[in-house]
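Look for chain A in each of the two complexes below; its partner is chain B in the first and chain C in the second.
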Partner chain A sequence: MIQVRDLKKAYGRVRALKGVSFSLQPGVTGLLGPNGAGKTTLLRCMLGIIRPTSGDVRLPDGSRGQHREVGYLPQRFGLLRELTVHEALAYFAALKEMPPDDVEAAIDEALREVNLLDRKSTQVGALSGGMIRRVGVAATLLGCPTVLVFDEPTAGLDPEERVRFKRLVASLSPARAVLISTHIVEDIVALASRVMVLDGGEVRASGTLEEVANLARGKCYFAPPGRVNEYSADYFIDGYAEVDGQSFAKVLSPRPYEGFTPRTPSVEDGYLCVTRGMV
Partner chain B sequence: MLTAGGTFALAIAAGVHEVYLARLPGADLLNSLGNYLRYSIVWPLAVLVLAFEFGSGPRIVGMDESVDAHVATSHRHWLATMVPPAAVVVALFGIILALKMVAVFAEGARSPLGWHVVASVTLNILAPCVMALLLGFVAATRLKRVAGYAVVAAFAFLAGPYSEIVPIVAQAGFLQGKGGLNLYPLRDLFGVLAPDATWYVDPLYGFPMEQARWLLAGFWITLLMALLLPRLTSPRVRWVRFASPGLLCAAGLLLVAFLLPSSELRRDYRLFGGSSQVTEQAYYRLQSEAPAQLQEPARFATSSYEMSLSADRELRATTTVRIANDSSGGEYRFTLYHGYRVLRVHDSQGRPLDYSREGDYVTVRSAEKQERLTFEYRGSGGIYMANSQCVFLPGYFPYYPVPGFVRVWDDLYSAPAMDVVDAGAVKYTVRFKAHVPLVSNLELHEGRFEGKNAAPTFIGGLVTEREIAGHRVAYYPASGSNPEGLSDLITRVSELEREFDIDERVLPDAVPILQAPEFHMLGGATRLPGALLVSGFDESLAGEVLVAAMPRRPDRSNLKEAFVRFFSDSTGAAEASLASLNSSETARPAEPVPSSREIARLENARRSARTEWELVQKYVYPARGVVSRLLLAKVLADGQDEALRDTYRYLSSDSQLSEIEFLTRPSHGGKQ
Partner chain C sequence: MRRPLVWHVMSNAGGYGLVPPIAVGLLLPMGLLLVERSRIPQLKPVYLDYAVRLLIPAFAAWWPSLAFKERIEGNGRELLYFLRRKGESVTALLIGLVYCLMLIPFASVALTRAQFAPTSLYLLIARCLFVTALTFFAAFALQSGVLALVLTVAVNLVVMSPMENAIDTSALVSSTTGVGSAYAVGAVYVLLSAGLFCLGEMRSRRFTP
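And then the complex of A and B:
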């Protein structure tokens, strides 16, 4: 549905994208990467907000930018406080050049999908941050786009809103191609069926959740937490876990050390192995 | 809303106040309408804030990226955000223009003032507001709030009047004959508002609308448009790809045109070749390298001048002078104002001639006698100007090569010398290309000014010409100047000529009476061969005309001034003073006369003065009141008619008596 070929973007001497290629298929795809990996630059180049240095992006109908076929929710989304939810959505409908006769129905449909139909006449200033984000999703849904792009959609939301937002994204039709850019692995695990790991302006890994998790196979161990400092530094502590009432450090290491117990790799382990250069 | 509302309220209040001022009896319409020009920074500043707020509003709330992602249609969003501040600009322009036009039409002063006001509001209000609108949006689309308001503050400082303090301070060393830093060119780039609007509006020049400022406004508008255009137009439109570079090229050309050398700003205070009395004072008095003023008659005569003049950003001239009675010995001396750069001097065959230049003096050298010399020159006058908006080239000002060395500057008065070399009338043929209607004391025939004269004078701008009592009269209707009463004044002058037994007519029949901007004039009237320059048409004109032909003598200037005051009003100050004295001090008629001690002190000061400068400082200024009181006493003693006749005779004579001696001697009523 979206074809990206050898996309490059440089800001002066800084190469933000070093030749990114992928194709986006129906279903939810997670774009994982640490801060500064080039995720937002990639999305902006894809949507034509910024001009790539080189490369090619093909959207569903061959055009550029957000339109009826593509909905984009940027990382920082806001609306003028004076507008009502209806007015804000009508504004975006106009930007999408929707036929005037279809606008009302499309707004109602989009608000229904984000469960805000009862807030149609509410002023934006009276909405919570999470609600505004849902209005943003509704704006992306206007015109029934086949591709949705969300940039850090849960950033800044409280836990309850994050759960609600994840439920909302999950409810979106699987016929759409959804690309969610984030550095929160947990969100990807909850929503996506495929993952791309972007680091240093390059796609370092991509595949299903299982395939990415498997990148860490043979490198995941439990280590007794009291002894971690005794080992050499070629491993990474990924957190702590309790197994059979005993506390262990979750460790990523290219080889087992004394006292290490193998464990099942997760997507996060795969992601960390990629970004740590262990793959 | 508050900013827009406040701006409108202020515009309406300012406009209504201007209409009110214009409707006051005796009001100067031009100055009334220029009253708020000095506050013209207010409108673009308000527009800049509005444009920045409207433009950055969506970005501040985080709406910009989701809008920009609609690549094909986001320009509609930015256009929509521009609409409210743009509407404010249009409404502001409409309000200000409409209220000014109300005043113009109410006063019956339509064309050319109507168009002048339209052009002025366009350049001085609309253009800066459009610039502010575009700048606000450029800042809104690129800068954060703090940086955006830094741009607002920078605009207020650079475009406003206060930034002139920087170049003024930087040029300070220049005043002492040392080097100074010329920062004016840098500041000029931001001079989008009317310059020196704190001064009164010159009735001939009108509102400042210099050609360079149109170019500057064009530069900023095209530059900002080039920056903003990609945001405001659909990428589907192919020509937009070429429009921005095209606009940038246009901006570059406009900038080059703006930077072309000239100084056409009215009352320009820069000491580096500006145009004001201050500049001239700096040149003639303060700059140590300024050459001395010379007075040396030419050793040749001139029989005719053919001039081709063009007043654009500066005066461009080609003047051919025909030489007669040549005993120059191959050294032809001329006076030409130093502000005009001589480009070439050539003979009748077109061969270039050697010449040297020292300040206002040009010496052309030729091995053989010349019949004709042609001078090509261009430049700007310091006080007497010829540009796209105004022409004032009085006959006593050497805007063409005047034979011999004559004074251009009068150090004593720190003002232009008004010496006219009256070597007999010479034939002038002048083609004068100007953007404004011209009036001259030469006759206009088939697009050429022609005639025999000794002081050809040109006046152009907001000037109108009509005939009154057989005289061609040029005046400034825009400033409320009204020559209606001139007919009576001319009759009054004729009566005075008879009463005072004046042999030579002080106001010959049919001599053109040309109103000169008061700013340029030292006195109320100046007699030139073939023209009378007057500053206005009030009742003092009769007295001014009587003394106009008298030579400038500082030791008699107080008496001349006191004499003229008696003609200022038929029931005016002098007679009122008389009435007051007569009613309250009839018992002590000698009371208004200063004490003999005071008179002796002043006379001693006069006699001890070694230079004219000392004379002015030690005697003229301190004696002003004393002389005035002595003349009043003389009027009381001799009767007004007798006293004034006696005084006129004294003033026009070569008498050795000082003015105080004249006023204090026993009356006899006879000739000096």
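And then the complex of A and C:
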């Protein structure tokens, strides 16, 4: 639905994107990467917000730069605080040049999808951060775009709102292509069927969740936490877990050490292996 | 019927958007009526001069600085930019024209009761358009509505009167009637406005991360 070919972007001497290529298919795709990996730059170049240094992006109908088929929710969203939710969405509908006769029904439909129909007459400024983000999702859904792009959609949301957002994305039609950019692996595991790992301006890995998790196969171990300092420095502690009442450090290591017990890799393990150069 | 974008933009200005209608559409004409009825005849030309040279053009900067604030420095500017890939010069021009329409009460009082020359009205409209265009351009160039407002008011206070006098003097040399010089000053403002609208349009099409 979207094809990106050899996309490059440089800010002076800094190469933010070093030739990114992928194609976005229907379903939810996660774009994972640490802060500064180039995720937002990639999305902005892809959507024509900033001009790439080189490369090509083809949107759903084969065009470049046409954006009515694409809904985008940027990382920062909190605008039009003086307007009511209805007025704000009417403004977005006008910006999207929707036919006037379709606007009311489209607003109701979008608000129903984000469960905010009862807040139609509330001033945007009076809503909570999570609700404002849902208004943002509603604005993104206006006009039924076939491609949805969310940049760090759960950043700054409380746990309840994060769950609500995940439910909302999960309920979206599978015919749509949804791209979610985040550094929160948990969100991707809950929502996406495919994942791309972007690091240092390059796609370092991509595939299904299982394929990315498998990148860490043979590198995931449990280690007794009291002894981790005894091993050499070529491992990475990924977290801690309790197994049969005993505490263990979750370790990523290119080779096993004495006392290590193998464990099943997760998507997070695969992601960490990629970003730590262990693949 | 689809409401024009400028309607939505100005709705978001809230109560602050009412400052120019109250000041220029209501208080200044009322003040002129009061001055006209006062017993101090010297007051009327002074009031008219301040209103026409300073106050009314200065208030013309208010709406554009407010209207593009969200697009320039608001939290949703990226989304607005994404959805509105075109520039904003048409919105700015519409704002300028609506502001000029708001001058009707003042112009009515001034033309009928204060010997206000029609050429002065033409010049006033040209000044207001210039201030609108300057604020629009400055807002996008400086990426700040407030700075644009301050800059434009400063230009209005410091630059516009001497500039008008300079054009006026050189125009009078080639015109024996004073009318020609007012048109010359107005024409300069209109040309400058067109240039600033074009520059502002170009700048507003570029996203600054």
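Basically, the second predicted complex is superposed on the first by the 273 of 279 C-alpha atoms of A that agree within 3 Å, B and C clash if a C-alpha of one lies under 4 Å from a C-alpha of the other, contacts with A are read in each partner's own complex, and residues count from 1 in each chain.
Convention: a contact is a pair of C-beta atoms (placed from the backbone, for glycine too) under 8 Å apart; a residue touches a chain by one contact, two chains touch by 3 or more.
If you're wondering where the values come from, they're calculated on a predicted model, not measured in any experiment.
With the two structures aligned on chain A, chain B clashes with chain C. Contacts of A:Ala90 after superposition on the shared chain: chain C is touched, whereas chain B is not. Legend: residue contacts after superposition of the two complexes on their common chain; A:Ile49 is shown touching both chain B and chain C.
Contact with both chain B and chain C is seen for A:Gly78 once the two complexes are overlaid on the shared chain. When the two structures are aligned on the shared chain, A:Pro100 is found in touch with chain C, with no touch to chain B.
Using the contact criterion defined above for the overlaid structures, shared-chain residue A:Ala139 touches chain B and also reaches chain C. Judged by the document's definition of touching, chain A residues 47-49, 65, 67, 72-81, 91-92, 94-96, 136, 139 lie at the interface with chain B and also at the interface with chain C.
Residues 44, 47-50, 65, 67, 72-83, 87, 90-92, 94-96, 100, 103, 136, 139 of chain A are the ones touching chain C in the complex. Residues 1-5, 8-9, 11-14, 70, 74-85, 207, 209 of chain C touch chain A in their complex. Remark: chain B residues 57-58, 61-63, 65-74, 76-77, 235 touch chain A in the complex.
Note for the complex: chain A touches chain B at residues 47-49, 63-67, 72-81, 91-92, 94-97, 136, 139.
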